[in-house]
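Presented below are the structures under discussion, each in the form of structure tokens.
Consider the two complexes below, in which chain A is the common component and chain B and chain C are the respective partners.
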Partner chain A sequence: MSTQAKPLHSVGVPMKRKEDPRFIQGKGNYVDDLSFPGMLYLSLVRSTYPHAEIKNIDISEAMKVPGVKAVITGKDLEAAGLGWLPTFHGFDKQMVLAIGKVLFQYQEVAAVFAETRAAAVDGAEAVQVDYAPLPVVADPFTSKTDAVLLRPDREAKTNHIFHWEVGDKEGTARAMASSPKRIKQRIWFQRCHPAPLEPCGCVAYFDTMGRLQFHVTSQAPHVYRTALSLVTGIPEDKIHVMSPDLGGGFGNKVPVYPGYVCAIVGALKIGRPVKWIETRTENLTSTGFARDYHMDVEIGATEDGKVTALHVATTADHGAFDAAADPSKYPAGIFGIVTGSYTFPVAHAEVDAYFTNKAPGGIAYRCSFRVTEASFAIERGMDILADELGMDAVELRKKNFIRKDQFPYPSALGFTYDSGDYHKTLDVALEKIGYTALLKEQAAKRARGELMGIGFSTFTEVVGAGPSKHFDILGIKMFDSAEIRIHPTGSGIVRTGAKSQGQGHETTWAQVVAEELGLDPQNIMVEEGDTDTAPYGLGTYASRSTPVAGAAIVMAARRIREKARKIAAHLLEVGEADVEWTDYKFQVKGVPSKTVTMKEVAFAAYTNMAQNEPGLEATYYYDPPNMTYPNGAYVAVVDVDRDTGETKVRRFVAVDDCGVIINPMVVEGQIHGGLTEGFAMAFIQEIQYDAEGNNLNTNFTDYLVPTSLETPHWETANTVTPSPHHPMGAKGVGESPNVGSPAAFVNAVIDALSPLGVRHLDMPLTRDKVWRAIRDAETRT
Partner chain B sequence: MNLQYTGEEKIPVGLDTVWTFVTDPEKVGRCFPEVVDVTVQDATHFEAVVKVGVGPVRGKFKVKVELLPAPSKRRLDMKMSGGGFGSTVDLTAGADLADAGDGTTLLTWSGQAEARGPIAAVGGRVLDAQAQKLIAQAFGNVRQQLTA
Partner chain C sequence: MKVHVKVNGVAYERDVEPRTLLAYFLREDCGLTGTHVGCDTSSCGCCVVVMDGARAVKSCAMFAVQADGHEILTVEGLAEGGKLHALQQGFWDQHGLQCGYCTPGMLLTSYALLKHQANPGEADIREGLAGNLCRCTGYQNIVKAVQQAAGTLGQPVAANT
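Showing the complex of A and B:
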């Protein structure tokens, strides 16, 4: 038998991404690249009013536009029983096309189908809608009064959607009352939008067998198939969902949008393929936004800075429908991670959500179900507490960190943190940034009246939803799956229920399979997004791919290894018990010269399998026993121009602990991307509505995405504390930088402004907001 | 977004002439800046198509106008609502007419507009100044037509 020249390490290798050659050459295959004979285009008429009764919809002029084939309205859909769509959270529904009234500006009102995209847009422009304006509720605090009832369609005649709470209410109140030091601050995490480069879209048609072929920008193709079957009544086997290359998702491509339903209805009604692709404005104004949490954060502590209690009361703006795609049992997501990296003996968190005349959503933007909001609240809160105590922000954090020996750590709000070494991770960051020298520099600058700030965020995330006991979407448990087939010549294919949107699954999954089976990752193909071929899974969001689908791949590969062991025993002419897997090959125990490679076993599985079942493939459905808890220590150093309010992020160090790293280069890429988004939220991005309910950030001139010009230079490092329950020790990393970084930026700016007495500013920290804060502070003194 | 405007225009012709002009839908309609077409329905109603360009938002607006002349012949109110390219503008305007002596008339006007859609989104930057300019232009046109 053969011997191998060198070990076949695949995990931990910075392998170049297999998908990149096609992306950088413009050869990706996106939904909008698809074209079918006879294909029509759909354009949606959208409401100009945030809240109005629909008096009449006149489609006669639209039907005269050359090329327009059909126009459908909410009434048509309602007659067909398709007027409403259940939201993924499951306890609300959303109008597909407005019925009776509109509830937010840019809401879908009518669908126009035409021979060309231009004709469809012209047709939509020609639809005459008569509106009678109704009073507008543009914020959750006005909504709370119920002076204007937004959703008379619901049984509960109130704008209040839900109250959710976790923790010990009385115990927290008692501990807070007896704490010698207390801080309280309202912290608003503004409404923002993930704005993926590729907007949402689909192509729908019914094939000659009457089967729905549905190409769509979806992060969760299987959930779409089930949801479409439930909504339309089409049997699930007659629905084929395909999600091709995606140009970013960030949670924006999890919900099912009205445009998808309209495209399917049009395809059915007209009998031709229908394509719908959003414009940038449609994407920013009507699809899943992020955050909009007003959080009242209260922390109690002893005189010397030991935290004693945490209370957070949140008012959430959910928009016109409760379309925040949360797991069924978690209407406020996993906001309970709000105790962060600290040993709070007692805590209480509550969230009250309200309808407003704004676009629906809330769960998006690279964030595991409200974890970004929670992390921001606690990391800002800890800085405010440090300020109150007159204590160094690092010292306060270290004093309250969960120690390495306390894991698995049961948090006050019910999570069991799997692993971490927070002191070490922070020390790496302090060393890298040169904290001591920076403090000296800052003192000297302050003496000269210059504004320099150092900001920390030592966050803990909770990702990888999730254990079936707690987590489901529309009742479907949040497991994930993998199917691996090894071909006779030792190459193979892996399919999962996850769906890459740029994360690099085609590379990392190949590395995982290669590592487990001792094969060449270049010859392991990865396929995702096709419900006809991929095993059922819940998709990619909430940093769940590596913790859940990744674990399924490992387990499927190990199943293959067990099968291969039998064949290896046959080839090595020993009993199965005498074969061990060592150094990426099978070996007769104690006889290093007697080995057989997986490649040889694969060939034998099809040519010389003896009494064993032919073939070499396996499937695994993985139900995670716990969530994973990636964490990190981020440090930002900023200089603020006292005269202009201009903030310069001079340095940014991000030390992440995401457990075992599959591909360091991919991880670094994820960190860079997420930090850039965190920077955008901290300084630039906000979806603003005026008091009349107008969305003021409807395009890329009003809603900015940072370019290389303004993006700071990122310095990254890692510590590795494996997850004890993940088969490979990995934790997931996609969202860490987005979750962790906003607080570091804001803490740095507030630290810079603290000599002026500024204690808090809400994001985004635009230069005019910072300038005003400086001016106001200087006027006060 | 809510916009409010006020201003005055001195017109070198008598009050009655001005009144006759401003209560004539065809004539008033033609004074709209960038007007493309005016369709008169009756003595107090007309529709106008105007070209609108605010920052990157450009296109044609179809505007429905209702004139509400006061019996005193000293005040004219106007209701306009229009839209296009996914935007809507609702506008109410009023003008008081007063004899300014020497056969001239003083038009004191005020208006309130509510803009919605993309046109409102660009509002913070340019809409306000643009609208002010357009309204001033409209009354300027009235003066010009009456003077010519």
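Showing the complex of A and C:
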């Protein structure tokens, strides 16, 4: 038997991405690139009012527009039993097209189908809708009063959607009352939008067998198939969902949107393929927004800075429908991670959510279900506490960190943190940024009246939903799956229930399979997004791909290895017990000269398998025993111009610990991107509504995405504390920078302003807001 | 209206509505879907193509009829004879893309940038790409990709600022 020339280390290698050649040559396959004979275009008529009764919809002029084939309204859908769509959250439903009234500006009111994109838009323009305006509820605090009931369709005649709480309410109140030091701060994490560069869209048609072929921008294609079957009554085997290349998702492509349902209805009604591609304005104004949590954060501590209690009471603005897409037992997501990286002996968190006349959502934007809000609350809160105590923010954090020897650590709010070395991770960051020198520089600048801030965020994420006993969406447990087939010549294909949107699965999954089986990652094909071929999975969001689907791949590969061992024993002419897997090949125990490679075994599995079952493939459904807890220490250095309020992020160091790293190049890329999104939320992004419910940030000229000019230079590093329960020791990482970084930016700006007595400002920290804070502070003194 | 446009060296003659945007002409009339559309306000730059050799234009902000008689280069025309353009190679080598949606526009804007300035430094590249949005990469590796293509990777930043 031959031996391999060299070991095939695949995991940990910064392998160039296998998907890139098509993207750099314009050969990507995004949903708007698809075209089918006879395809119609769908354009949606949207509400101009935030809250209004619909008196009449006149489609007669629209039907006269050349090329318009059909117009449907909410009444048509209601008659067909398709008026409402259940939200993934499971507690609410959403109008597909407005029925009786509209509840937010840009709500879907009618659907126009036409021969061309332009004719569909012309048709939509020609639909006449008569509205009778109703009083608008533009914020959750007004909503709370129930003076205007927004959702009479619901059984409960109140705008209050839910109350959720976790922890020891009385114990926390007692501990707080007896704490010698206390801080309390209202912190608003503003409404943001994931804004992937590719908007949402789909193409729907029924094939000659009457089967729905549905190409759609979905981060969770299998869940879509099940949801569509439940909504439309089409048997699930008659639905084929395909999610092609996605131009980013960030949580925005998790929910099912009204446009999708309209496209399917149109395809069925007219008997032709229908394409719906939303515009950027439609994306920003009607699809899943994120955050909008008003958090009252209260921390108790001893005189010397040991935390004693945490209480967070949140008022959440969910918009017109509760479309938060959280796991069904977690209406406020995994907000319970709000105790962060610290040893709070007792804590209590509660969230009350309300309807308003705003777009529905509250989705997990690059975030494991409300973890970004929670992380921001605690990391901001710790800085405010440091200020109250007159203590260095680093010293306070170190004093309260969960120590390395305390893992697995049971948190006061019920999580079991798997692993971490927070002190070490922070020390790496301090060393890299040169903290001591920065403090000296800051002192000198302060003496001169200059504003310079150093901000920290030492966050803990919780990702990889999740254990089936806790997590489900629409009742479907949040496992994930992988199927691996090894071909006779030693190449193979892996399919998973995850769905890359830019994360690089075609590369990293190949690396995982190659590592486990000693094969060449270049010859492991990865396929995702096709519900006919991929095993059932819950999709890619909440940084769950590597923790769940990645684990499934490892376990499936190990199943293949177990089968291969039998064939290897046959080839090596020894008993199975005498064969060991070592150095990426099978070897007779104690006889390094007698080996057989996986490639040879693969060939034998089809040509010379003896009494063994032919073939070499395996499937694994992985139900994670716990979540993974990636963490990091971020430091921002910000200069603030005292005269203009201009902020400049001079340096940013991000040290992440995501356990074992599959591809360091991909991980670094994810960190860069997430930090940039965090930077955007901290400084420039907000979906604002005025008091009349008008959306003020409806396109990229108002809802700003940082360009190459203002985006800071990122300095990254890693510590590696493997997850003890993940089969490869890996944790999720894509969301850490988005979750962790906003607090570092804001803490830096507030640190810069602290000599003026500024203790807190809500994001985004625009020039104008910072300038006003400086002016107000200077006026006070 | 009849328009004659040479795209990637191939002559296209098409009958289009006067309001047809160049982006949709390329995508739907020429079948070149590498040029993407990411916004309604000419903000994102996903649709950038190069006109007449060295001018980067946002093809969503031009009518097809305005390109009549002109030559357009799209992402599909960058590689020659099966060999990737240095910019394509740079984006691949430096991990200058993730979801790939902004990539064609980034490549074409960089192409025009290098036509005007052969040895741009980091600051020049950041300024040159300021009309192209990316949600995935944070731009850092895109800058490196362009530097690799220009042969300026690793050169001191100070020389260009």
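Criterion: the second predicted complex is superposed on the first by the 780 of 781 C-alpha atoms of A that agree within 3 Å, B and C clash if a C-alpha of one lies under 4 Å from a C-alpha of the other, contacts with A are read in each partner's own complex, and residues count from 1 in each chain.
Going forward, contacts are C-beta pairs under 8 Å (C-beta built on N, C-alpha and C of every residue); 3 or more make two chains touch, one makes a residue touch a chain.
Since the model is a prediction, treat every value here as computed from it, not as a measurement.
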item: When chain B and chain C are modelled together on chain A, clash or fit; value: fit
item: First, second, both or neither for A:526, with chain B first and chain C second; value: neither
item: Which of chain B and chain C A:675 touches, first, second, both or neither; value: second
item: Residue contacts with chain A in the superposition, chain B compared against chain C; value: C
item: Touching partner for A:19 - first (chain B), second (chain C), both, neither; value: second
item: Partner chain in contact with A:713 - chain B first, chain C second, else both or neither; value: second
item: Chain B versus chain C as contact partner of A:48, first or second or both or neither; value: first
item: Touching partner for A:199 - first (chain B), second (chain C), both, neither; value: second
item: Chain B versus chain C as contact partner of A:502, first or second or both or neither; value: second
item: First (chain B), second (chain C), both or neither touched by A:695; value: first
item: From chain A, separation angle of chain B and chain C (C-alpha centres, steps of 10 degrees); value: 70
item: Which superposed partner A:109 touches (first chain B, second chain C, both, neither); value: neither
item: Per-pair minimum CA distance [chain C against chain B, superposed on A] in Å; value: 7
item: Shared contact residues on chain A - chain B and chain C; value: 281, 699, 701
item: Residue ranges of chain A in contact with chain B within the complex; value: 46, 48-50, 105-106, 125, 131, 133, 281, 690-692, 694-699, 701-702
item: Chain A partner contacts - residues on chain B that touch it in the complex; value: 1-2, 55-56, 83-88, 90, 114-118, 120-124
item: Complex contact set, residues of chain C against chain A; value: 17, 19-20, 24, 27-28, 32-41, 43-44, 46, 74-76, 78-79, 84, 88, 91-93, 95, 97-104, 107, 125-127, 129-143
item: Chain A to chain C touching residues, read off their complex; value: 16-17, 19-28, 30, 32-33, 35, 117-118, 195-199, 245-248, 250, 279-281, 501-504, 665-666, 668-670, 672-673, 675-677, 699-701, 705, 707-709, 711, 713-714
